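In the two complexes below, subunit A is the common chain; its partner is subunit B in one and subunit C in the other.
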Partner chain A sequence: MTRPAITTLDMLLIAIAIAALPLAYQQLWGPNYRGTEVNILVTGQENQRHSLLRNQTLTVNGKLGDSVIRIKNGKAAFINSPCANKQCIHSGWLDRNGDTTACLPNRITLSVVGNGIARYDSVNF
Partner chain B sequence: MSANTKAISNSIASQRHDHIIAWFAALAIAIHVLESVIPSPLPGIKIGLANIVTIIVLVHFGWRTAAWVSLLRVLIGSLIIGSFLSPTFVLSLSGACASLIVIGLAYTLLGDKLSALGYSVLAAIAHILAQFWAAYWLFIPHDALFHLLPVLLTVAIITGIVNGILALAVQKRLKPLIYESIHTDEQPAKSSQ
Partner chain C sequence: MQYRRTSALLSLLFICILVTACSKTQDEPIYRNQIFAFGTIVELTLFNTNDETGDKLSSEIRLMMEEFHHHWHAWQNGPLTELNNALSDTKNKTKQYNVSTEDAKVINQALALAKTSDALFHPTLGKLIALWGFHKDEPNTVPPSAQQIVDTLNSLPSLEDISIENNTISNNGDKPIHFDFGGFAKGVIVDRTIRFLRQSGVENAIVNAGGDLRAIGSAGNRPWRIGIRHPRDLGVFASLTIDNDEAVFTSGDYERYFEHNGQRYHHIIDPRSGYPANTIASVTVVHNDSATADAAATALFIAGKQHWPRIAKSMGIEHVMIIDKENKVEITAKLAQRMEYEVTPPPNIEIRHLP
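The block that comes next holds the complex of A and B.
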């Protein structure tokens, strides 16, 4: 029986395992999670889908009035909304697949969709 | 040696072997149950201190004994904690089986070229991967689960290293005399199998 001691193969194994870790992060947290399109849902209206690739400013008519949604450089955000506390604007720019925000008073939901794995399954308010 | 004396010495040897399994399984179960009391920072993350026993048994007594100790620990540990046949038990069992298969293969191929540290890291990685797949296929078949995998792997490597270092420390502290006596007693049982 050999005396208990760390062997070269141990170190090699640990080195490989640690070296492979960033790869796992890259594969599973990587850029596949960027969204490609934005889905705008307004109660009582058809869904709207817009590509995130084209920069544009949309005006969406909700229950209270017009909300302004801007799509810029692959990100989307509420720019203006007629609601009281502007939660939707404060959630900022959304770019990852599954990112969702909503202006509840105005009945508008904004969510990013893509081909990869969504970050959230569903969101309850 | 007559057939009769050989049979007697065999039965004594296998009794010794049973005792070794029982001692180490009892130790592993105690650690397993005590560890279940320690709150974990995140659900599903555990140091797995009981695996230190499995690794030490593997290095000293071979794979068969380690498999016995590990599976007995999962079974009896779950009966004591009260998680028998629950999802926790299924995850625990799948992790234990996968690490036993992986360290079994590594032990056959590499033997002494890996120390307790190497086996511990291998076992930890196999353990978490099997648990992850079991959780994915049986309980949460949702793709978003994969986001957890890198974090779980990181934790597995860290706990594998920590457990491995602890196993080496325990090995060094095992009194050489006692260890030798257990070990030489073990030899006939091994050769008779």
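The block that comes next holds the complex of A and C.
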């Protein structure tokens, strides 16, 4: 008895491989926007870098007082800050390479960095 | 039969190798740093610059910006407040003040831009800006009274009251002059920083001072890409690539503001009414000179939906994008060709032609 040239299992394997090609292309060739670390800059102090993979809550002392920054599930955000408008908190969670927010009155910036290429080289606002 | 099966699997393997073989393995050689200077965050992006050189340039730029900030600060004691005091001092009968050639050039440029903007960008609104509380790190929480606004408007000089001759600035009127170069000084220092970088051998860079930027050169074999923030959201609204050397400046009602009784009062004050300009959410200007782009973004914001094309024409600005309060876009034809919208669904867009 002769075996068929391509079995059903072969066909299934090829179909899965072809279906996975766009994902592989995106992963290997496409830009990697996801951040890996968060960089905290406080005026007059050394930069702090923390992995986005480790969940933690940080208290950072700035010009006006303490700002609270939380890192959770690969994202980072200002949770509390002593400024009046709370624009830093309203910025929400950052996770993409290049995302940046700041508490200007408290002189603290929070920016996400990564290994890949950010979608934008700089953001105008 | 066996041959056909082998060739099919080999083809699949070949496709896999093709996809993976040339995948990117290295980051771009871009130096990025953020510094606090000029009362804001300054982000430096330098292509093909190592960390040692980048850190050295960052330190020098920070010092340069801090010195400039002190020099032109509108309400902290320094050279500008000395100038303002001299031009407002009733005992100083001539009300004149000598400045350096470099300072005279800055003031002359500001006055020239003010004139082409129909005085919508107005560099002597210091008292009005202070009345609204925007001469502080944390603004007021209540607006001034209508009477206070009228009184302050009546006390402001006109552009015709000011003259500059041989580096001597004169107040020819009877009202005090309080220069405030907000809406212009940031552009000047961005231009100076770019000049400094070029003198230091950097030809491919972005200087972003608190959201307003100028980019030169490229990121190697691709142009710099700039995102423009959504005025009502946290993300990016649109983006464009830089054509060799351009400044991108935006004025928006979300930058500095306070809310009182549910109403937002922002920092871009209309010199005609004395109140925050109120018809649009943001104006983005692209121009090769940062100082001009800065002043134009302010003037066009104040000009509003009806008059911005006329003022843009008068100021020599061809690349403008307006986002109104309903996120509708008005844009010049030249900028429309280059703008990519990053929001879904895409916004309603109207091409506006300059007169």
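Just so it is clear, the second predicted complex is superposed on the first by the 88 of 125 C-alpha atoms of A that agree within 3 Å, B and C clash if a C-alpha of one lies under 4 Å from a C-alpha of the other, contacts with A are read in each partner's own complex, and residues count from 1 in each chain.
Throughout what follows, a residue touches a chain if its C-beta (ideal position, glycine included) is under 8 Å from a C-beta of that chain, and two chains touch if they have at least 3 such contacts.
Given the structure is predicted, the values throughout are model-derived calculations rather than measurements.
By the touch criterion defined above, A:Gly92 reaches subunit C but does not reach subunit B. Looking at the superposed arrangement, the partner reaching more residues of subunit A, out of subunit B and subunit C, is C. Legend: residue contacts after superposition of the two complexes on their common chain; A:Asp10 is shown touching both subunit B and subunit C.
When the two structures are aligned on the shared chain, A:Leu21 is found in touch with subunit B and with subunit C.
Once both structures are placed on chain A, subunit A residues 2, 4-6, 10, 13-14, 17, 21, 24-25, 28-29, 117, 119-121 are touched by subunit B and, in the other complex, by subunit C.
Looking at the complex, you find that subunit B touches subunit A at residues 59-60, 110, 112-118, 121-122, 125, 142-144, 146-147, 149-150, 153-154, 157, 160-161, 164, 168, 171-172, 183. For subunit A in complex with subunit C, the touching residues are 2-6, 10, 13-14, 17, 21, 24-25, 28-29, 39, 41, 43, 83-85, 90-92, 100, 102, 104-105, 107, 109, 111, 113, 115-117, 119-125. Considering their complex, residues 1-2, 4-5, 8-9, 12, 15-16, 19-20, 22-24, 27-28, 30, 32, 34, 36, 39-41, 43, 45, 137-139, 141, 206, 208, 211-213, 215, 219, 224-229, 234, 236, 239, 248-250, 252, 255, 257-258, 284 of subunit C touch subunit A. Residue ranges of subunit A in contact with subunit B, taken from their complex: 1-2, 4-7, 9-10, 13-14, 17-18, 21, 24-25, 28-29, 98, 117-121.
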